[in-house]
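Structures given as structure tokens follow.
Next come two complexes built around subunit A: one with subunit B, the other with subunit C.
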Partner chain A sequence: MKFIKVMFIFIFLLITIAGCAEQKLLEQVGLTTLLGYDLGENEKLSTTAVIRQVNPEFQSNVEIVSAENETARGSRAEINRKTSKKIMSGQMRVVLFGEELAEDGIAHHIDTLSKNSDTSGSIIVAVVEGETKSLLEYQFQEIDDIGTHIYKLLEQNIKNEQMISSSLHEVAHDYYSLGRDIAIPIIKRDKEHVEISGVALFDKGKMVGKLSTEESFYVKLSRDLYDSAMFEITIPKEALPESQTKNSPEKIPVVIDTINTKKQVKLINPQTPEFDMHITVNGRMLEIGANMDLDNPKNVKKLEEEIGKSIAKNLERVLVYCQDVNSDAFGLGEYYRSSVRHSNLTHEKWHELYSTAKVNIKVDFTILRSGIFE
Partner chain B sequence: MFKKRFNRSSKREKPSIDANENKKSESNQKENVFPSSSKDYLQTIKDHTNNPSDLVVKTISPNITVTYMNSLVDDRTLKEQLIPELIRHKFETPESLKSSLFIPEVDVDDQINHSVLSMYNGTVLIHLDGFSQVVLAKITTTVSRALAAPENESQVIGAQVGFNESLSSNESLIRRYIKNPELCNERFNVGKQTNTTVAFFYIKGIASEQMVNTLRQRISDLKIDSLLDSAVLAEYIDDNSLSPFPQMLLTERPDRFCDGLLNGKLGVIVDGSSMAILCPHAFIEFFQSREDQNLRWPIASFLRLLRFSAVFLSIYLTPLYVAALTFHYEIIPQSLLVPLSESRALVPFPPIIEALLLELIIELLREAGARLPTKVGQTIGIVGGIVIGTAAVQAGITSNILIIIVALSALASFTTPSYMMGNVIRVVRFPLILLAGFWGFYGIMLGFCFILIHLIRQSSLGSPYTAPFYPPRFMDWRDSIIRLPLPFTYKRQKSVRPQNEEKYQPEPINPEKS
Partner chain C sequence: MINAFLLFFVIHTTQIGVGIHGFQRVIYQEAKHDAWISVLLIGIATHIIAIFMIKTLEIYGSNDLYGIHQDIFGKWFGNFLNFIYIVYCSTAFFSVLRNYIEVVQTWVFPNLETWFISATLLLLVIYAFTGGFRVIVGISFFSFVLAIWLLPMLVFPLQFTTARSLLPVMENDIMDILKGAQSMTFTIVGFEILNVIYPFIKDKNNVKRHVHYGLLATTIIYLSVILVSIAYFSPDQLNKSIWATLSLFSIVRFPFIERFEYIAVCFWMLIILPNLCLYLWAAYRGSIRLVKVNSTQFVWIFSIVVFMLSLSVETRTEINAVNNYFSKVGFYLIFVYPILLYLLAVMKKKYTTRKERKG
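Coming up: the complex of A and B.
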């Protein structure tokens, strides 16, 4: 009898609540692939959405709709009024912020996006030089689907470690954690292309500074670890033995493929505060602008030293700039917080300390391979 | 649940029936014995058999009467051996007749019922005037097709012989594989009307005695009307007849059957059925083929993994499609989004209707193919595959991605070596599609849990159905979804509870020697 009762209840529930789940049929939803936020007029938020439309008549096309409203949800409703399909954000891959809005503060948006269960944590966040609306609405000749294009552009560069990873998850982590600030890529339109032009530095939720793409390498070097990135560096001619640098320019360019990096940060003086940052880089040399005899271990040693020095010098320069704009993209605060007990660190307190922080940077560079000659 | 009730009621009824029978047999003791005079004997036989047209009564010499069923007796043996011998010699007693007959199965009996019944198994009754006993000489003729390759369980490498419908030839096949006096063979008569012979095989010293007793009890307790096929018997004697999952293997391969016996399993063969029952059989073993033993172990392991993943593929692929397209567009990979939505754009139905429609078409094709004669069946396959498949897409009734998915899951379900299990896998998909269409992944998970709990609750002849995974028997994993080399699998499966766990004493593996 129990069996029959259970089966009866089961079938009863099956029939009665069969239609209760909200259906989102694939062909009936408009899939937002990219969302751009700008600062609109009168403190309003201007939203531009790239929506993928699939119609049987004209295969698939991309619709760009924008709306202005006080809130993100409000503009979504407004966009919904302009499209034939229900707008859904489950397939969203990229969120862009206009420069002006970024300087005004993106904290609210990061909070909203993280709270929305529809959006995944792997969304890539980036800043646009100028306005997102003008970037998205520009009719690129060779780009069909601007949403997917920007996503692939950013994803590819992040995967190859050419750019700091800026998934929503990581950005939210940086935002909420004490002693680490957000650093996300900046993109811009360059004639008929979209390109990554640098890195935006944030102080809490506000954009405070910019670094070039070359400099972004050093931010990433001190922030994360590398496995496979390639970078270019110059070393002064004088530093190398004269016999090796005939017919070479004043500054010799060297291209290095990083194989792995190790980073050690130690707080040695909590008062100032003073840090010791020791970075070990193992790399493979791809190109060098001088006819050096790399079979000679002495030359190699010298070259390694010089590259290490050069990296350290550049790193220091970037660090000073970051301290200037008061953005702790290096995450030094985390080391401080984990080394000093009962520090009762707050964001303000740390940033006061940070601006006066001293970092002794030491870079050990090792060339593992320098190419094969036949 | 139902099973328990069934058991309880049968227990209640059993003693009363036994008591009745006892009383009857006591009172009828005298009537059951043959009369000694030839004339009365003939009358008795005629009374007990309703005098059918194929009953032959012959008086060979004044005191010897022979009765038999014409259709069941081997004519040649009768004419060339039995009757000349009866004419040549003079017999004093049935005992001396028995000892001088040169026929393998000869017996002396005085019970009418038993003797008459044995006549229907091809026995010749020889009555000597003046004795109340008859000599039973069994010279059965078997009407059966020749041994042929097993059609439902074909394999590439290995023996190409299958059981046929004759019990004696099946028995001989088994005896040829296992030449061992420990191979026990018990007989039962099942079915009030059909009196079907059921043979029960096991190897003494390997098979668990408790299981042998259980199965023997289950078969001998059966009070059924008729038994025409072993599949029916399997349903009568298995642990839970309500479950869609078969708990006993039906095989037509003698090598698979013998492999089971050698591993401590019990086998049952029903006269007139070309399928033998093998039990206890765990769920995982339905996806193993005898061929796995014949192949090298890495290849066999790969094939087993392939088959097992095919089960999941077959069950979950279509529901996943339905759930993803109805509720969870988020999980569709970006590269698949465009082709998927483009192919869906023309379809007028929601995914659940679309999927059910196509699954039904595939099932119809399969069923039509199975019912039609072989030659026509192939044509139906082509017609169904090409015409319905392409036409359905062009007409915009289904999306072509779904066609791929449905065809793939149908294909995957056919890789199961047991046809019975393959059927279950195909049918289980339908409720899951419904659940996926109603509640998406939640529905699929609900269905999955339901199936999993159901499987864990099942048992096969008392041994756990989901062994060796639940309860975990790590030693048995060596021969489950993978097959390790033979030296590693020298132990019998624990879930069968064999009396002798080791097949043989393994030699220590010495890599230097080889």
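Coming up: the complex of A and C.
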């Protein structure tokens, strides 16, 4: 019995001492923080990786390596052959797709990224205007680590609800869902900065359209709900009482900060199909381009009405564009599927219906407060 | 002898094991977005079966399933049934072990050899088993207490959910929903351990209550996981996620821990440990009625056989085949057979009392 006990302790120690299954020492690996995919020559895939190398003695440095291969994994192996340290993707934060590749289709990449257990669901996905390679390889004066910079840029804007959230999970969710299409941010280089320039609209896996950053507000308004986004809107001068709009431009700009929004979508006719979309926005007014007397409740009421109308008009315009390019960024299909029993919806079937869909948009806007100074 | 309230932990921890990693997909394939109804139905079914099990055991007072088999069916056929039950427990043990190893290999250590994890886990199980029955029950208790904090982690994926995915309710055929419930077998079995553990309970009149509490806790956990999963994933996404629960965890992110699912996978060893120990113990209780063997001999022989088997089943397809086969047999053995056995036990009892009265 004593012998068995000793053996147990021996085996236990053996396992715990040699128990480091796979060592990944920080000094010996290169951390990929960002991956960019482009369409290469001869249907190859061009991959650019931003690799951060941690060095105990010196400041950690950032390396940008690119390779061309048929598959994503193949290019990874090729990149590995070009670096002194083993490439790891556990710290990857952003995946970028070149515009051309996005138009060609990113379905395969979503599938591969979802399959890999190394990549987490919270990676941010975005499209680059032009090529990712040229964006990443450009020597920015102010930016040391382009990978982390782009990540922070996107994350910060998504967190502050200035941009549609595009984590890998959400992108994969929309890609595999029946009644909602992918919408992800577009970034581009603007001289010495990287900026978010708009929103890419997808039909299944293919990029089919683009919206400006201003318009992206409406896409997000119809997809998710806002808690704290700021947006700018213009209302025509003649809509407001004349006494209030002296010395103001033809189109009066108003800046609103949303406090909370509510949305109700109802399918009222499954044949056409026709939807009623009722959005309630509560916000605070930050800026207005007219010298209005907001002590007067009548004026405030009128202003609220006009802002609501203006939001509705813009929403309609964006929706018509989405229908034109056949991308259901609004997620109307999800409402259709969940309201109609035994619809047996498929992607094709829904998109046929979607092109003729009619949406009656109504927006109720309320100004909760308008600053400390009237 | 143990207190009846410990049954709560024993029943609950044997039910929850590796199945919870990926049961969503299996049910979803049958019942689509009504999968949660399937889970609810199978949850209710476990309660009903537990009632029958307890009634059968109460007829005999202080005997386990193996003894009941021998009494009802006689020595030869009874022992044959006992043998089947032992094989069932062993398969369950093997299935839990192999599935867990696969999860570790796919999620955390792709290059780690099967034999290494298998040997480590088996040594741990041997160590626990040689400690005796009370140690095994203790492990169940600690497994529950130490792992229950994983449940609130579902709050993280909750913010990405759309409740709309659950609508329209009951759109699918009732047959599909029932089929979905049936395919849940692999995940929800484990409470049959009651058949073997019953003679070891001190206060038998409290058994009912604690068994049902345990089952209820399991149903609630499965129900909350499936509800979050359906709302979090889109249809095809869920269909393709082999371990949807771990994918749910992959969105969890703390400032000090980036990849939470790694912690979850490693922590899962605590959750499967009572599974392994209790199935091993159940197989042992049966074996001593068939052959003369002491516990140390048994556990070593058993472990070596399982170790060999775990090396022979390698690929995803093979593991899936084992799971499906086990699930099919398990359904009849756990959800149909106890009712049959109860009827036979009642008939046998009537027959013998009448005979006694006559005599």
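One rule holds for everything that comes next: the second predicted complex is superposed on the first by the 353 of 374 C-alpha atoms of A that agree within 3 Å, B and C clash if a C-alpha of one lies under 4 Å from a C-alpha of the other, contacts with A are read in each partner's own complex, and residues count from 1 in each chain.
Throughout what follows, a contact is a pair of C-beta atoms (placed from the backbone, for glycine too) under 8 Å apart; a residue touches a chain by one contact, two chains touch by 3 or more.
Note that the coordinates shown come from a computational prediction; the quantities given were computed from them, not determined experimentally.
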| item | value |
| --- | --- |
| A:I307 touches, of subunit B and subunit C: first, second, both or neither? | neither |
| First (subunit B), second (subunit C), both or neither touched by A:A183 | neither |
| Touched partner set for A:A172, first subunit B, second subunit C, both or neither | second |
| Contacts of A:I11 with subunit B and subunit C, given as first, second, both or neither | second |
| Touching partner for A:R52 - first (subunit B), second (subunit C), both, neither | first |
| Which superposed partner A:S338 touches (first subunit B, second subunit C, both, neither) | second |
| First, second, both or neither for A:G90, with subunit B first and subunit C second | both |
| Which superposed partner A:L25 touches (first subunit B, second subunit C, both, neither) | first |
| Touched partner set for A:F3, first subunit B, second subunit C, both or neither | first |
| Contact residues of subunit A, present in both the subunit B and the subunit C interface | 21-22, 90-91, 120 |
| Residue ranges of subunit B touching subunit A (in the complex, touch as defined) | 1-2, 324-330, 332, 334, 337-338, 340-342, 344-347, 350-351, 434, 438-440, 442 |
| Touch list for subunit A against partner subunit C, complex | 8, 11-12, 15, 21-22, 90-91, 114, 117, 120-122, 167, 169-170, 172-178, 180, 334-335, 338-342 |
| Of all residues in subunit C, those that touch subunit A in their complex | 106-109, 111-112, 116, 120, 123, 127, 160, 162, 164-165, 167-168, 171, 232-237, 239-240, 247, 250-251, 253, 258-259, 261 |
| Subunit A to subunit B touching residues, read off their complex | 2-3, 14, 17-27, 29, 31, 52, 54-56, 59-60, 88, 90-91, 93, 118, 120, 148, 151 |
